[in-house]
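Structure below; questions to follow.
Per-chain residue numbering starts at 1, and chain names A, B, C and D are given in the order in which the chains are listed.
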């Protein structure tokens, strides 16, 4: 039930759960951040980037072996330039306290790729956060009890928080019976 | 057996005791509740999109509108996130001032939150108005120091807008003389009153494992027996220099959360005393002068900082792309995630209890709908 | 659950004392406390000191009023010097840029003779209804020209009246000195020094022609430039020409700005439809001949949005004006 | 009143008619002014309890506030839901107000009795029972889920609290030997006007139980379930607005007033007090009226105090409180009342008993020896019963305290 240092999880996963890590980001071991010009986001790797379908397995592994049983936060981030949507899961160790453990999942932005298995069966607290990610970013969570829009009305088309959602020209005000 | 038909009732969005526009679709068999579906979105202002459009400083007054009971705590959490993101260090005195404001905010939040819950129970707002009186005194001091009672906009990156002066400290000391009388009156009024015990004990039970699984935080989690308090688990802003206790419940029902909140007010009182003693003098400065507030640029990367707000863990997750405003700005709102446990807590109880259980979770819709 | 990061004496379990024998004594204790409060409130002295928790504590508002703390901020006001009647504002647009809800609209004054810009504002409109009184304009103003007022009784029936223009924004410095003495004394000599050298660069009566009253009480002669009061009746919501980023900068500066932006775009690889997260949209300036022709593209394209965080309806009205202008110029 | 008019030369039937018209107007005016004063009195006292000032703008110290409210409710739009049962919806407030005003016919004002019915107590209980009909009509008539829930809850509460209320009156009737309020007031007049029943152990327990039960009849906290606004908005009054709502409000407060008057009459010797007999005549009547009003408004103050402090009971707790707590105590109280009567008044009331046992040694009313025995005996019985019931209720609360696992799984406790 020890606390993990920053970035230590990746090496543990490589040894204990081999095919869990997302190969696309295996090479870039560093989590250094080079200074960039304006408008240049960077993909960070610390703590671990795992395959979408392995997230449930990693979550259970993290909880059972290291005691990170408190899933505090699920954030969806839309990296438009890299064509990715990243889901950041932050786990805390309720017994030991201390900083969080960030497990990342990176999926494509098109409807077919944008699927991540839901954690709600074991962490019911993730229910509303996954519904918010679905409503705002269009990430589909198979296994979620009632995946429906949480803020927008159900007939709303589009995902408002995506970077390519038009900020101007409100197509809802002058909709003419289309 | 007499065939009873289930009745579906809408509690909210416009209902006297839903603490804002929040709707619960309740299916009831007779008086006992069978299923509860929360419905959100009535107060959704897309706060997170605003965060991406505004520059970092422009976004600070909008964080007042999240949990409008504790704008000081929201500012503190947001300022801490951007400070970790941009690597700004905060002078000692400013950290002490922020701790004093957070603890004052915790006292006024618990005083009014329990007042509202007791109002839902039917105690006709006596406890609420005593709580409001203490809140008024604290809000006057917030107004003196930040300029506004509820929308304080007090923190800046690397410190606070204005230093606290002698008037504030003498008034705070006078307030500290009055608070224990208020705590005793409040406990004497209702703590052992038989009807409150009948209405609060074993109602809305959330066992320990379920509390962790629902990732609830704050008094709701501590009421269920898990002593997880961010000020102790991951101390921030000089909290590691104060000696205070973490109150914890046993059964995890409405009564335990009620007791935990009262005990937390007393702990905040202790923290305020110690903070006042150890407050460094003004030479340390109340803000880091090297920070250019309006045109603050953070290097590309991400940061998550969290604060123990009176309602639970309030965190801001900000991804920056090197420019002056956030690329992704997410608020981890405690009321929003505590609500996910509401359905499970209410099953099997009656409508009268649903309202009390919702009151015991203490939500604010500004934070839930963002 | 024993948490290892917490020393045992740091955690205390709230005692529920469920085993106590309950026969109504808790309720009677509560009744006793409420009766004591009743007696104190009825006969005791009103609660004025922050320490006591008994007695009447509310104030009969219209008759008795609580004193406002100095730092109290409600709506912004503009200051002008009592002696000379000159406004402190030099329309440097700092407040317009920082304002989170973008409610400040300034038009810089021009020297009628040479047409060059003058450090004074011709028109200054502030939408009191959208202003969230966050106090940023007062904080960033380098000339201490805009300060936060203490007057909060501003409710009014007709909505357009809330677009407060010059003559209702101006307050003499003496007024601000009464409501916030210490805050003004800190910045007083610095502000006055800046005002003096600004006055030198203001020809004629510019900067004091908005109906300010100098000490003698006589309003300064409403000089050539029409006082803001005579502004066209703001039938439609948009007051004067809404300031595009480059709109009211002098022509040469806009040209320079466009050149820089073009260079950046080239450097960033031809500016594909990269709705860069914070799109520093190229301003559409009618005057500049080679304005990008894609101005009539569908609104969702990289059309020059005036300030990213305009609200929807304001943007719609803006589009309407621009379309009308283009139609009028026969484009 | 009526015979005084016949001497003036009116025909006998005419004088009775005029007399009763005068009485009716007096009662209605007195009742509604009393109700208005009550609302002002409640809002002022509850606001002082909460460290704030109640209504003090309209009229001197806010005394005209109820009148301004009456005008306000009259000018408000009186909406009836579209597919509500119009007639029932309209008649509900009428029935409620009618029931309340009926009970004012027998309630004395100090020593002045509008109508001296020899079965006045029975009459009062009967009118008390009509409330539930009005409540059910309102609940059902307004075709609204919340109103229906509120109506059903209200009826359940009223019926289950009427039994303890009625049974609590029996000891008073036993002690005075008659059901007429006039005789009850006279029986409490010895000991220089201070021989109130509340000072006898039987009367004390009877007073406590009657007062608690009448809190439920008048829907006062902690029993204001029917219009529990925090849960089911305004209970049966949800779909009412304008005048009909005002009539409900009027009937609600007038029934509180009536309950306070009855409690003062039955247990606190309405109108009796030191010096009332000494003055006699009109002045005595006035003094008794003052005493009577003082007693009732003191009682109402206790109601307001309870309202400001105590939260509301849930419906099932309310029911179990009535059946498991009040009822047994009331029955025990009747038992001890019978001992009281047997010891003190058996020679006057039941001549047959004197035949069997012979008259008691000294027949005077205030034989101190027998009075002391009676007081001690009834005190023992009542105190023992209260302690026993308290222990029982505490024990079954304990049992319920720690919910067992399977109860937790069911979510019931």
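FYI, a residue touches a chain if its C-beta (ideal position, glycine included) is under 8 Å from a C-beta of that chain, and two chains touch if they have at least 3 such contacts.
Here the structure is a predicted model, which is why all the values come from computation and not from measurement.
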{"item": "Chain whose Cα mean lies nearest the overall Cα mean", "value": "B"}
{"item": "Higher-contact pair (C-beta pairs counted), C-D versus B-C", "value": "B-C"}
{"item": "Separation of chain C from chain D, taking each centre as the mean of its C-alpha atoms, in whole Å", "value": "61"}
{"item": "Separation of mean Cα positions, chain C and chain B [Å, integer]", "value": "29"}
{"item": "Whole-Å gap between the CA centroids of chain A and chain C", "value": "38"}
{"item": "Length of the line joining the C-alpha centres of chain A and chain B, rounded to whole Å", "value": "26"}
{"item": "Junction residues of chain B, two or more chains touched", "value": "53, 126, 130, 133, 189-190, 193, 195-196, 201, 226, 228, 232-233, 251, 321, 323, 327"}
{"item": "Two or more partner chains touched - positions in chain C", "value": "1, 3, 5-6, 18, 22, 27, 30, 33-34, 37, 47, 54, 57, 277-278, 308"}
{"item": "Sequence positions of chain D contacting 2 or more other chains", "value": "49-52, 308-310, 397, 401"}
{"item": "Pairs of chains found to touch, sorted by chain label", "value": "A-B, A-C, B-C, B-D, C-D"}
{"item": "In the complex, chain C residues that touch chain A", "value": "1-6, 274-278, 298-300, 303, 305, 308, 312, 315-316"}
{"item": "Contact set on chain A toward chain B in their complex", "value": "33, 35-42, 44, 69-73, 75, 77-78, 88, 90, 92, 94, 97-100, 122-129, 136, 150-153, 160-161, 167"}
{"item": "Contact set on chain C toward chain D in their complex", "value": "18-19, 21-23, 27, 30-31, 33-35, 37-38, 41-42, 47, 54-58, 60"}
{"item": "Contact set on chain B toward chain D in their complex", "value": "7, 9, 15-17, 31-32, 118-126, 129-130, 133, 189-190, 193, 195-196, 198-199, 201-203, 205, 207, 251, 347-355"}
{"item": "Residue ranges of chain B touching chain A (in the complex, touch as defined)", "value": "40-41, 44, 46, 48-49, 53, 210, 212-217, 226, 228, 232-234, 299-302, 304, 306, 313, 315, 317, 319, 321-323, 327-328, 330, 332, 336-337, 339-341, 344, 369"}
